[in-house]
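Below, each structure is written out as structure tokens.
Look for subunit A in each of the two complexes below; its partner is subunit B in the first and subunit C in the second.
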Partner chain A sequence: MDDRSKPQSVLRHLNQEKIVFILTIVLFILFSIILPNFLAANNILSLIRSVAVLGILGLGMLIVVLGRGIDLSLVATMAISVAWSLQLMSNGMSVASAMTVGLAFAVGMSLITGVLIAYAEIPSLFATLAMATFVYGFGRAHLITGTDVVYLPPNIGWLAQLGQGHVAGIPMPIIVAAGLALIVFLFLRYTKPGRFIYAMGDNFFTARTGGVPVRPILVMQYVLAGGIAFIAGIVTSTSAQAMNTRVVNSNMIYDVILVVVLGGVGLSGGRGNVRNVIVGTLLIGVLMNGMTIMDIQYTVQNVIKSLILLLAIVVDSILNPRDEQTGQQGDI
Partner chain B sequence: MMRPIVEMKNVTKEFHGVAALRDVSFDLAPGEVHALLGENGAGKSTLTKIMAGVYEVTAGQLVIDGEPQSFKTPAEALQKGIAMVFQETSLVPSLTVAQNLYLGNEKFLNRLRGIYISAQQFLQSLNFGVDPTMFVSQLGAAQKQMVEIARAVHHKAKVIIFDEPTATLTPEEKHHFFALIRRLKKDGVSIIFISHALEEALAISDRITVLRDGQHVITDLAKNFDRDKIINAMVGRALSGELYGKDARKRTPRPYGQKILSVQNLSMGRMVRNTSFSVYSGQITGIFGLIGSGRTETAKIISGVVKRDFFHGGEVKLEGRSVRYRVPRKAVKDGIVYVTEDRKIEGFFETKSIAENIYLNLLSADLNKTGVVVSYSEMMDLAREWTGKLNVKAINSDARVVELSGGNQQKVVIARALVQKPKLVIFDEPTRGVDVGAIAELHQVINSLADAGLAVVVISSYLPEVMNLADRVLVSRQGRVVEEFAMEEATEEKIMYAAVH
Partner chain C sequence: MATTSTLAKLRYRFVPDHVIGELLSKKWIDNAIPFLVLLCVVSLFGSLIPNFFSGSNLAIQARELGEFGLVCMAMMLVIVVGGLDLSVGSNFALGNFMTLALLNLAGWPVWLAIPAVVLICGGVGFINGFLIGYLRLRAFLTTLVTLIIVRAIVDMLLLKYSKAMSVSFYDSTVWDLIGLGGVGGVPSSFIILVVVALIGHILLTRSRPGWRAMAIGGSRRSAHNIGLSVRGTVCAAYTISGMLCGLSGVLYAARLGGAGTDTGMGLEIAALTAAVLGGNSLGGGRGSVVKALIGAVIVQVMTNGVLRIGMNSGSGPMVLGLTLLLAVFIDVRWLKNRDKLLSKVYVSPTLVELPTPRPTDAEKGGALALNDRLREVEIIGLDEVESPEDVILDENDYLYCGTRHGDIVRFSPPHYKEWEVYAHIGGSPLGMAFDKAGDLLVCVGGMGLYKIDRDRNVIKVTDETNRSAFSVVDDSRLRLADDLDIAPDGKVYFSEATIRYEMHDWPVDALESRGNGRIICYDPNTGKTHTAVRKLVFPNGVCLSHDGQAILFAESWGCRINRYWIAGPKAGTVERMVDQLPGYPDNINRASDGTYWCAIMGMRSPALDVALRMPSFRRRMARRIAPDQWLYPNLNIGCVIRFNDKGEIVESMWDKGASNHPMITSMREHKGWLYLGGITNNRIGRIRLGDWADKTWSGYRSYWGARS
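Showing the complex of A and B:
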């Protein structure tokens, strides 16, 4: 076996994450050369800023996907919980209480999702799909009256800095995303619940038999994802001056899955980390920014994004084939 | 004598260099019912699967109707008239009976009404009371068996192989089944009948062949056999003498310790029926039984892997306290660990290193030193300690568990169980798929646990293993512990008597 792997040992070290990272750098250099304004400091910052929210949501999705789940309700939770918060503020509630209510809504909804998945044992795909529709429909019907765009109220005060402020010239959304990335990284790598998530994604039955509290951990995954979605919503709304609830009907949730999968996180669970999400997010950021400067149509951008995803997956499966020796289940 | 319809000449079959069949010859006459007997793992299924085209021979020859054959697929065997009715039925549950009968023979445009009518006629001609429009998922075990058989007959099979056909049947259904076999025989169909039920084999077959350890022991007319003769042929053992030495017999059993576990009237569906037994610390309790006798299910209920029925499930007492676990976590915390028989599916984390595999179980039992934070140095220390203790051989400690050999994988699985500091360890088939050298090491580990005062349960389908390890033997049959032997009185023959019915 060693003899066979030697000639390709350089290639063998390539995995999807590295391929995507190399692709990002290649594109970055390419765009810097052919696009005159690409390298300007302003553009670089706006590049990262534009994908900061995508990255934050990607972190939430990562926590769920690592445990072999998927959360399709992230965008709905983000939009409705924050829109309701803003609405309460403009109705005269204090910023602190309005934020608490919004966060409680996001966490409460994802708690229901988590309980449905962990205790009622409904597949995460169906549970979160249903919850996404429920959250959006309920929110639009009973929580957010009037238009589907809720603007930032004037009394929001310091909170607006989360989207608009700068620290040492770096926009706040980037700092928030980076801070969250660090926290999620530490959580996944150095805490027991973090390791349990990996274990459950790798082999749920082994984890269960070994005494991992699988149900509480499952609920926790969705609650964390819901909380992260709320933060993403605050960043979105404060930087765009409004929360547009129609974002639920866009294909944003697929972009979130895209940055997670693109970076090399396995949808079958157990494989991946925060670095994968960052790499995937950067590639999408560079691509979207370059294509926007080149004035490429939105629909064509989607085609290119999807082709890149397919390319990354195909190249990965060619370079890292399922090993005949170890992938086998045994014959007798 | 007539020319045999199936003949196997000096057939050997190896899986990854391990012989499942060694130099076996077998023949089947037209219109004959031939019973194939032997312990679990004796090679009965392998032998018949070669005939049915599931496996190819490693050496030797398969002769069908006078012509040498080598089937690549079951479909080829079916074309030559050899059909196998598998233990786990191979019907499509979401299709109707008629659709299953004609599966693969449909025309491009399939008219359901047409196949319902012809299926009805066909089933009636076999005297089977199965409604062809019923979905297979709605049928009982016996009716499913009938559909399987009908499918075999429909393909004009000249040879039908039944793998444990009566295991799931009720006495009345068995009666129907035997009537059918006689009818098929009258029509000139040859039948191979694999069973653990010796009386059935004696009653229905013309000839009987006994296999043991992948080798042919004896073939003779059924009327020349009786129960004793068959059991002697099944357990008489020469091959395994090296591993399971004679001195095993001389050792003195460990005395009874404190009563740790008491199971009373435990029931679960059709697999566990009102079973009762006790387990004591400081000794090894062996549970012997044939496949399907409910041992694994019983162990899984005790350890919380499967939830016990609240009203009809009976009672499990741990150290005198009644316990009912909905998830394994509580059982683990109470000191009961279950070492699975199927490590690939529920034994280890395949993308993780040996160290992480072991450490995760320490974490899940809340026995790590650092609370909610994980310590990678504690993990490495733990891995060093246990790979040393159990002699796990790996290229390095970063090696993933899937890359290890079966024996080393099993050692990791056992290390995972032992770091949880259990009071009661249940080993389910601890040496399945493990090479000979590792078996001895695993046995040593299991013995040392009992010596250290733990309550140890070893579930095994392999008699010499039970004889070699256990201090007392429980025999399980049809979902219940039916007999208990102290080591002084236990013999392989007695245990086998109790296990078959």
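Showing the complex of A and C:
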């Protein structure tokens, strides 16, 4: 390789993940310099803690997106299943059985979603969109009576530690997120279904021809995502002392997509890793924390987050251009 | 052999089985399922909600539909080009806010404010379009970003101006007319929707930009490769989508006159649901204004209806989610299986009872007795022509034939060894005839009636006829023009073998044996084409009788030759001339002694004759087994027959050993020779005729006299 091609090849190696990572570090250094309290250990912990739930949901989204799908029902599943669990607990059910029922609801709903996508061949965007509205509507109409917000019942006991406890000074949500990240990483990297997910995301039809049981794997992806959403919900509710079902109507699901895509996970599947999710989560965490310290209005924060996402995908599309010949039909 | 019952005959005569297949092949049948859902939803909520059909309720609903329908059309438009626009809700809110701000705070007049708002929202659409079209970003993410940004901008603006806006009130008669009034009880927003929908429909289905948008959605790569400006069109689609959202925002502002943070919240989900419910395919290429509007009505009736019934707050989303699931499920299945279903039900055989064929045994004798006279055929152009369906000779003895490559090939006399491509038409040239000026008229399968003038220019004569009144398929286009002849007054009579199958599928029509064909007349004096006789069973050869009073035509699968009077006392009537043929008659041409030649392209077989009496058997066959294993008529061995004006068969010529020239679809007598063509042949044949034939007779002179 001669010298002239070198600068270009450096640029070629610069993918979205690296760009975002560099951006995160730059922002981190910048905030450390200009914001007095930013570098304090407490602040760093609360930074990561604030995005832990986003990161957990991002892991669920990652599993689905890798197989060329998308799950818009994560937040709805999370909110309704956990809210129902809490409601059952406050109605006197034991913690273990209430949790089981909640988890079963989350997994059951995502099982239906998976079956609809894998066997009925409904595009994932619609199946999950419809399931999100359905789960929310069903939950509000039949499961959770009374208010939008279900508070933690007093008899919750040890479970509350998931959101509020500390291990060696580190808040539990961070540990839960890190543990889940490790599990998902190992699953995707070393297990057969994990590799199959990549194969399906790369080329669905080749994977099918190659003997991958595509339909069961598809269902499994959504079930895993649903289970992870339930865990995220437990962490959320125990941290905040309540589960607000109105979160379904917020922009949260878009934030989850933002976290996943920002790190460089390809929405067309097959491209991405747990690392990407972590990078994306960290950037959002640094940003939100810095902006909160700077006392920037919530709506402006939204604009900045979106502009950064836009910047990331624009740069990515310039570095790795998609043209008319290679673009996949129906790829939105 | 059991005879068919009268009941079965009546059933196959009057039940139009073939219509099912034709309906399924129509493009608008796509809307049938969404429309059914619409009917169900309307009737359900109509029965549950009192006063649903009352005038005032309908007016309210129509006014809201005006706004929602525009947003759905905006969504449909970007879906058609293969994209998605999640920012419609925010853009709508922006339009609403800007309208109120311009009118109330800036004090602009209505006629200035509305275009300004449409342009502002179009600008948001343009940003989407630029990012997605030109920078090739993903529609989903990009519009997600604009959704959040525009929403945030609206929120910030609201924070700043909402107090100022709430105290001021815009007063104008035009504004009130838009927001509250209407024309003759029809709300103005609904009128605007209808106007926009009409324009949109015409643009999308009848104009070049619309076709380009559909092509890009259908296959972006192919559209790019044929040179369409993909990026520009995609960008334009998003821009127009933004403008529609802006217009919708204006209407909303006119109706409610207030702006809140929840304006247009979740509208993108509702619009997406509506667009997909209506049958617009995500991924592009399939969508229409009608689909968008059907979806819009369904979603609006449902969301409003659930609220009105008074179910608790969760039930609305629940019902909406379930409906979306169901609709997408049906739509996906329908798209996937429609072609399968169509190919299974399109072939719709009918009951045919062919009369017993005339005997052809060599021992019994008779005009049709098998002989071996075609064994002596001289071969012309072996392996040089492919599928010469018809042959014809001009006054200078040049021999012409069509080939399946769309050429007219000309062989030179006297030995017919040298040949050249006389003209290239395309399609499948079939029957030919010379008109008085010496121009060659050709029926081209798949294209219509064409003329090659003496300077070898190819001119389209006609490719359409009048459409029949109640036909489901558009039968105005000529699909399979087969053979022609020219009346003394210059009118061209030609046959179209079938209106239900394309050129390459013509043998499938034999499985149906329904009257799918027609005789069509082209009048050169008026330039008009009209259908003369309908419902013929594969009309094939056409020949003007020697006296010029009638057109003789063969009905191939009916094994008969008919006479259609074009002059004289019986003009306009059709009568049977030759019946009970042992095979399928093809082209008919004049013979020198006042009789007619007719080619028999294949012989009947008892198996197919029985099958023709059993339409359900043939239908089952068409559904269950692959087309190459269907029972087709034998088209390998035929013969040439000669018959006179009374319908009596005079002689026949066979190739008994099937060694030299067994397949014949056409023959021409010329100066004592008979020239033979066959659609599956790689050669032309000629045979010297007996002493009865006039050695100076030629076809051109027989029609038009000696050239002066």
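Everything below uses one rule, namely that the second predicted complex is superposed on the first by the 313 of 332 C-alpha atoms of A that agree within 3 Å, B and C clash if a C-alpha of one lies under 4 Å from a C-alpha of the other, contacts with A are read in each partner's own complex, and residues count from 1 in each chain.
By definition in this document, a residue touches a chain if its C-beta (ideal position, glycine included) is under 8 Å from a C-beta of that chain, and two chains touch if they have at least 3 such contacts.
Bear in mind that the values here come from a model prediction, so they are computed numbers and not experimental data.
Visitor: So in the superposed three-chain picture, is A:Val314 touching just subunit B, just subunit C, both, or none of them (first/second/both/neither)?
Guide: The second partner, subunit C, only.
Visitor: Can A:Phe126 be said to touch subunit B (first), subunit C (second), both, or neither?
Guide: In the superposition, A:Phe126 touches subunit C alone.
Visitor: Which touches a greater number of subunit A residues, subunit B or subunit C?
Guide: C
Visitor: A:Thr206 in the overlay: touching subunit B, subunit C, both, or neither? Say first, second, both or neither.
Guide: Once the two structures are laid over each other on A, A:Thr206 reaches subunit B alone.
Visitor: Touch check for A:Tyr254: first (subunit B), second (subunit C), both, or neither?
Guide: Once the two structures are laid over each other on A, A:Tyr254 reaches subunit C alone.
Visitor: Using the touch definition from the top, say if A:Asp295 reaches subunit B (first), subunit C (second), both or neither.
Guide: So A:Asp295 meets neither subunit B nor subunit C here.
Visitor: Return the residues of subunit A at which the contacts from subunit B and from subunit C coincide.
Guide: 325, 329-332
Visitor: Any idea which subunit B residues touch subunit A in the complex?
Guide: Answer in residue numbers: 15-16, 18, 20, 303, 305, 327-329, 331-333, 338, 340, 344-352, 356, 360-361, 363-365, 368, 372-374, 400, 402-403, 416, 420, 433.
Visitor: Hey, which residues of subunit C end up touching subunit A in the complex?
Guide: Interface residues on subunit C, with respect to subunit A: 82-84, 131, 135-142, 144-149, 151-153, 155-156, 219-221, 224-225, 230, 265-266, 269, 272-273, 276, 282-284, 311-322, 324-325, 328-329, 332-333, 336.
Visitor: Please give the residue numbers of subunit A that touch subunit C in the complex, ascending.
Guide: 70, 116, 120-123, 125-127, 129-142, 249, 251, 254, 257, 261, 267, 297, 299-300, 302-303, 305-307, 309-310, 313-314, 317-318, 321-325, 327, 329-332
Visitor: Considering the complex alone, what residue numbers of subunit A touch subunit B?
Guide: Going through subunit A, the ones touching subunit B are 189-196, 198-199, 202-203, 205-215, 270-271, 325-326, 329-332.
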